[in-house]
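Here come two complexes built around subunit A, the first alongside subunit B, the second alongside subunit C.
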Partner chain A sequence: MRSKVTLARLARNPQARYGLLALVLLLALAYIGPFLGPYDWTDKDFMAFLSPPSADHWWGTTQIGQDVYAVTLRGMQKSIVIGFLVALVSTGLAALVGAAAGYFGGWVDKALMWGADLLLVLPSFLIIAIISPRLKGGSWLWFVLLLALFSWMITSRVVRSMTLSLREREFVLAARYMGIPGWKIILRHIVPNLSSLLIIDATINVSGAIIGEAALSFFGFGIQPPDVSLGTLIAAGSSKVTGYPWLFLFPAGLLVLLVLSVNLIGDGLRDALDPGSTK
Partner chain B sequence: MGAYLLKRLISNVLLVAIAASMAYFLAATSLNPRAKYEGRQPPVAEAIVDATLDDYNLNDKTPVFERYVTWASGVVTGDLGKTWDGKSVNDEMGRRIGVSLRLLLIGTIVGCVVGVTVGAYAAVKQYRLSDRVIGVSAFVIMAVPVFVLATMLTLVAVGINDTLGFTLLEYTGEYNPALSGWDQFTNRLNHLILPTISLALGQIAFYSRIQRNMMLDVLGQDFVRTARAKGLSRRTALFKHALRTSLVPAATYFAFAFGTLLTGATFTEKIFGWHGMGAWLVDSIHSHDTNAVAAVSLFAAVCVLVAGFLSDLIVAALDPRVRVS
Partner chain C sequence: MTEPTTGRDAPILEVSDLNVTFRGGIKAVRGVSYRLNRGEILGIVGESGSGKSVTSLAVMGLLPEGTEISGSVRLHGKELIGAREEELTRLRGKSVSMIFQDPLSAFTPVYTIGDQIAEAVRIHQKVGKDQAARRAVELLDLVGIPRPDLRAKAFPHEFSGGMRQRAMIAMAIANDPDVLICDEPTTALDVTIQAQVLEVLKTAQRETGAGIVMITHDLGVVAGLADRVLVMYAGKPVETGTVEEIYYRPRQPYTMGLLASIPRMDRPTERLIPIEGNPPSPAALPPGCPFAPRCPLKVEACDDAEPELERIGTGGRMSACIRSHEIDLKGLDGATVYPVPEAPAQREERRPRAERETVLKVDDLVRHYPLMKGAVFKRQVGTVHAVDGISFDIAQGETLALVGESGCGKTTTLQQIMQLQAPQGGTVVVLGKDSAKLGKAERKELRRDLQIVFQDPMAALDPRMPVGDILAEPLRAHGYKDAKAVRARVAELLTLVGLAPEHAERYPQHFSGGQRQRIGIARALALEPKLIVLDEPVSALDVSIQAGVINLLEDLKARLGLSYLFVAHDLSVVRHLADRVAVMYLGKIAEIGAVDEVYGAPAHPYTRALLSAIPLPDPELERSRTRILLEGDLPSPADPPSGCRFRTRCPKRALLGEAEARKCDEVEPTVERLAPAGDHGAACHYPESTEAVAAPGV
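The block that comes next holds the complex of A and B.
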């Protein structure tokens, strides 16, 4: 019932509609687009170095003859996967830690929130920057975990304070008096009741993670070659931006569009899930 | 109040100490300053490298805990150690904080003031065309990461300079050392234009959204209507009663943003070639400079906590309800 109302509201919200449409188009470009282009992302055209966009190379070529169209879409796939994975892990972590801290209280609460404070104080950029290049040869999934590890703290505080009030509600008390263990109450009763907050948070985290990945890769601390992501492409392009702008403009433009469409959806969701909303 | 502040201070100092120590251990175990000396032509004898590294407390042959004790006892007395090539970290940090402050002061103030003004204006003109234009542009700007924005600005500057045939907009460095006096001052201002735009634009978008929401909340409340009803002009009611009350969140964010930007303006500093604290964060890792990395982390942690503390003080100063309780 509730999800139906939410969906109906979402469908009526123009922001969310445009956002979803843009995101679907971008996903299609990232995953179907490579099959339409004439070159593969590993191909190197030794007859065309740094050539501007043309009929043959739609978005131009790089200094080693790679087709910018193919490489950029390949990088976009990686950025999208990283964005969604980081959002999933970090929102999940925020929900579990925040709910546990709020529900159990006492020393569990103190220890968890102190840990969150510590992670907030630690310069996350610096720590990821030191660790991640040393994971060379390791999987990029480590990088996803690192990004997620440093992005759940603030949401977990919000979850904790909402859990504090949920804890005293009748359905939670009833479950507790029936002898259901705490972790089960958290998973079955508390986290589902925070779903609207968590959905919004996860959406915002997607765009945050895409930007975070690009930011770290910009200095060579993120995705390591031969893998490419929008961040590594933007980094490579920005050093040549004055002479060969297509190297920078295509990945940067796609990054902005991606973030913009996710943010639009997030904003629309916020309106649709808000019970006080009149729309 | 005093007991609360003391308790908070102790917990903050503890957090800073732990954060800095963890950063030190991480940097000391994974960075390799020795690589800076090895592989030189002509090759340097290992004994000499060891002696030099020992001197700077960077030798990876010394157990990491021993190095940590040496470092920590120095930090307690206010000595942050030496960089990989033997300069004092304290001097370097002092210089770089100066650079960052010169860059940030104007950028954050412009960002906050313009953002709040734009947001308040949009709230007063709710649902009119100007409100919608402001809202959409803020939304778009917030989706543009600062490194894309900064690179676009250099692209535009190069384009303008090329079409004019002379350098109208400077886009690298802090000033031209060849100039002096008044010329140097205007040259410094010219160098500030693009970095300031790149810093301020995102903040303007951010503050305008917060301020619009807060202002809308306040505008609907009874005390603004009362102010109008007792005969105040619309302008006075808006400025003295509505704007002042709705400033609290923007002010808290301002303190926080300033603190975190001291090390967080990394992209702006790197792209425009300013050698401030943010650029040091990246440079120190690239140059395997353990003590500098630890110093930057220490500084960043102190900044975050001081900023949090300051923003609490600002709320207390602006909001009478907090002050009384």
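The block that comes next holds the complex of A and C.
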């Protein structure tokens, strides 16, 4: 019933509708688009270096003859995967840490929140910048973990304070008096009851992670060649933006569209899940 | 009725055919009409969702924008519906005042009480600041606030609930209003405080001569206060008449059922008669009479059209039922019309109490909370004596009720028992096992036999889980592994509490309050416990639903041989359900014993006051009773009085000699058995031995 109401409200919200539509189109572009283009992202056309968009190379080529269309979509795939994974990991971490701190209280609370505070005061950008080149040989998944590690703290504080009030609710007391262990109560009763907050948070984290990934990759700390992401593409294209704008405009434009659509959905979800909003 | 009349007998407030429709087409009020004369008290009675509060908000013009209001509300013949906002503002607080249920949110926390009352005076009267302040003090004095000149300078949070409600009344009568609308003014208060506030309300009415519209769900309060009563159901008035007519000769099946379903202190042994089903949702009203699906007198014609209020007999008596005349002729009443649920057969002959197993024994239980101060360096500045040495025991198959006003330590006691940890002081022994000496596995095992039902059925069930999972949770936690067995047990439990097995797939929000409470009871029963702790299990329910749940608890106890620890503040329900009762005051037991002995011959002055404060749903009895009114409020448990804790409010102490009274100040009384034969003890140096004033006819 509640989810039905939420969906109906979400569908009524024009922002969310356009955001959802845009996101679906972008996802389709990223994952179906490469099959439609004439070139693979690893192909190099030695007959066309830095050629502008044409019928053959839809979005032009790079200075080594890569098809910008194919490479950009490949980069976008990576950015999307990283964005969603980071959001999932960081929201999950926030939920577990916050709920555990709030539910158990005492020294568990103190230790976990001290850890969260410590991570909050560390300059995350610098640390990722220092660590990630050392992982060069490793998988890009390490990079996902690093990004997630520095983005869960604020949400976990919100989750903790909400848990403090949920902990006194009678259905949680009932479970406790039934003899159900604490971690089970957290997973079964507390986290599901925070789901609206967590869904909104995860959505907003997606756009944050995409931007974070792009920013780090731009400076060369994120995704390492030969792999590409929107960030590395923008970095490569930025120096030639005046002479060869297609190198920069396509990845940058897609990044803006992607983040915008995710943010629109996040705002729409917040309105739909908040019983107090009048939209 | 619609013609505005003039002259001395003209009604001050006349509402006719009032309709309120909220956004989304929800018809909250449908065709309410009443008239209020000078000095008259009109009681509007109905269950939650019957539209009684919305009616009064519509009269005040306080409904949110976008609400459709039609009909007419005339104050002194002047139309209020469609009047401009400035005009209404001028009238509100001057001609019409309102007293709300929650007095805390009705005051601004940052101004003193005196300032806020003075402000109310100055808005409507041209008086100077000093004079308004003097008037505020006068008003506080009138509503019985001690040392009003000092208390006027206090902030709302420094007042107790009862005091705030008095201050609220003072503010409402500041401008001599003609109409006073009270929306559940005493629902949030304890009975002894409720009795005080109702007295104040009567005084206020005498002083101002105002007409009062009293909105409440408590039929006892209305019986003692009102002249006329309007009963509402599903947004519509279903019966109106004088208070005697309504209480002694109800002519509408809903009113009849409502009166029959109230647990009464003066008739404890009768089986309660519930009204089956639930009130209809205002978004989906049945065709025809909205009460028809629950009505025992339903005939086919009931579904054809919704009955309008019709005059019965002579006078202003109206009822909305096509069979009212028939009921009137035959002289039917609720007890004969409604099917009386059969009392469960006692499983076995009760053995004497001493021979039965003791399921719970609490001995000298102590729970103190430190009172901390300071933000960085916390230091202890005092101790809250929440529970200060109480002892009781429950034998197998017995119900012990723990009663007392809010802040007396009932809930703390209950938590101490449920936690199964070592208490700060004293011992808790559940089924022969001392809670202080339990290992982890033993504690979990013991939880099987000790279960709890919570007060608020909305909060006690996880909204994100279907009912089947909620009931399966304790089963799975205690070793039911087989999914099939769990499902079978869930179905069995649902049937046991009067629900259908297919309800297992629905979520808690699809159920009404009474049904949710049944689910809560089913969950407590899942592991076949021996002792169930009931934490105010019916206080959040409407009376017609409450009766069904009380009957269910009685049946289950008899069928399954359960023992109950029943925590409540409603003494009528306690009288009905309990075998023994313990009255608590400020963390101590004041009186304990078999229900009949405690209610029949209360020995402690506090119990006597408590019993006399309960309103009875019987106008004649209610008006002829003499009440023992207690002075003031419950002292703070952080600083309990020396000696007897009740001495600061004790009516008996005033009658004692000086030497006798000194004993109350110095020596703390312990619970002493009153007679060697009976099961009755009281913690009073000078226990009462005369017949109770509280429950006439017992």
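In the analysis below, the second predicted complex is superposed on the first by the 278 of 279 C-alpha atoms of A that agree within 3 Å, B and C clash if a C-alpha of one lies under 4 Å from a C-alpha of the other, contacts with A are read in each partner's own complex, and residues count from 1 in each chain.
The definition used in the following text is that a contact is a pair of C-beta atoms (placed from the backbone, for glycine too) under 8 Å apart; a residue touches a chain by one contact, two chains touch by 3 or more.
Just so it is clear, the model here is predicted, and its values are computed rather than measured.
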Partners on subunit A (subunit B, subunit C) - clash or fit: fit
First, second, both or neither for A:131, with subunit B first and subunit C second: first
Subunit B versus subunit C as contact partner of A:234, first or second or both or neither: first
Partner, of subunit C and subunit B, that touches more residues belonging to subunit A: B
Partner chain(s) touched by A:178 [first = subunit B, second = subunit C, both, neither]: second
Partner chain in contact with A:170 - subunit B first, subunit C second, else both or neither: second
Which superposed partner A:54 touches (first subunit B, second subunit C, both, neither): neither
First (subunit B), second (subunit C), both or neither touched by A:193: second
After superposition on chain A, the shortest CA separation from subunit B to subunit C (Å): 5
Shared subunit A contacts, counted only where both subunit B and subunit C touch the same residue: none
Residues of subunit B that touch subunit A when the two form their complex: 15-16, 18-19, 22-23, 26-27, 30-31, 139-140, 142-145, 147-148, 151-152, 154-155, 158, 263, 266-267, 270-271, 281-282, 285, 293, 296-297, 300-301, 304-305
Parts of subunit C lying in touch with subunit A, wherever the complex brings them together: 418, 443-444, 447-448, 450-452, 454-456, 459-465, 473-474, 477-478, 507, 509-510, 520, 523
Contact footprint of subunit B on subunit A as seen in their complex: 117-118, 120-123, 125-127, 129-131, 134, 207, 211, 214-215, 218-219, 221, 234, 238, 241-242, 245, 248, 252, 255-256, 259-260, 263-264, 267
In the complex with subunit C, residue positions of subunit A that touch it: 1-2, 169-171, 173-175, 177-180, 188-189, 192-193, 195
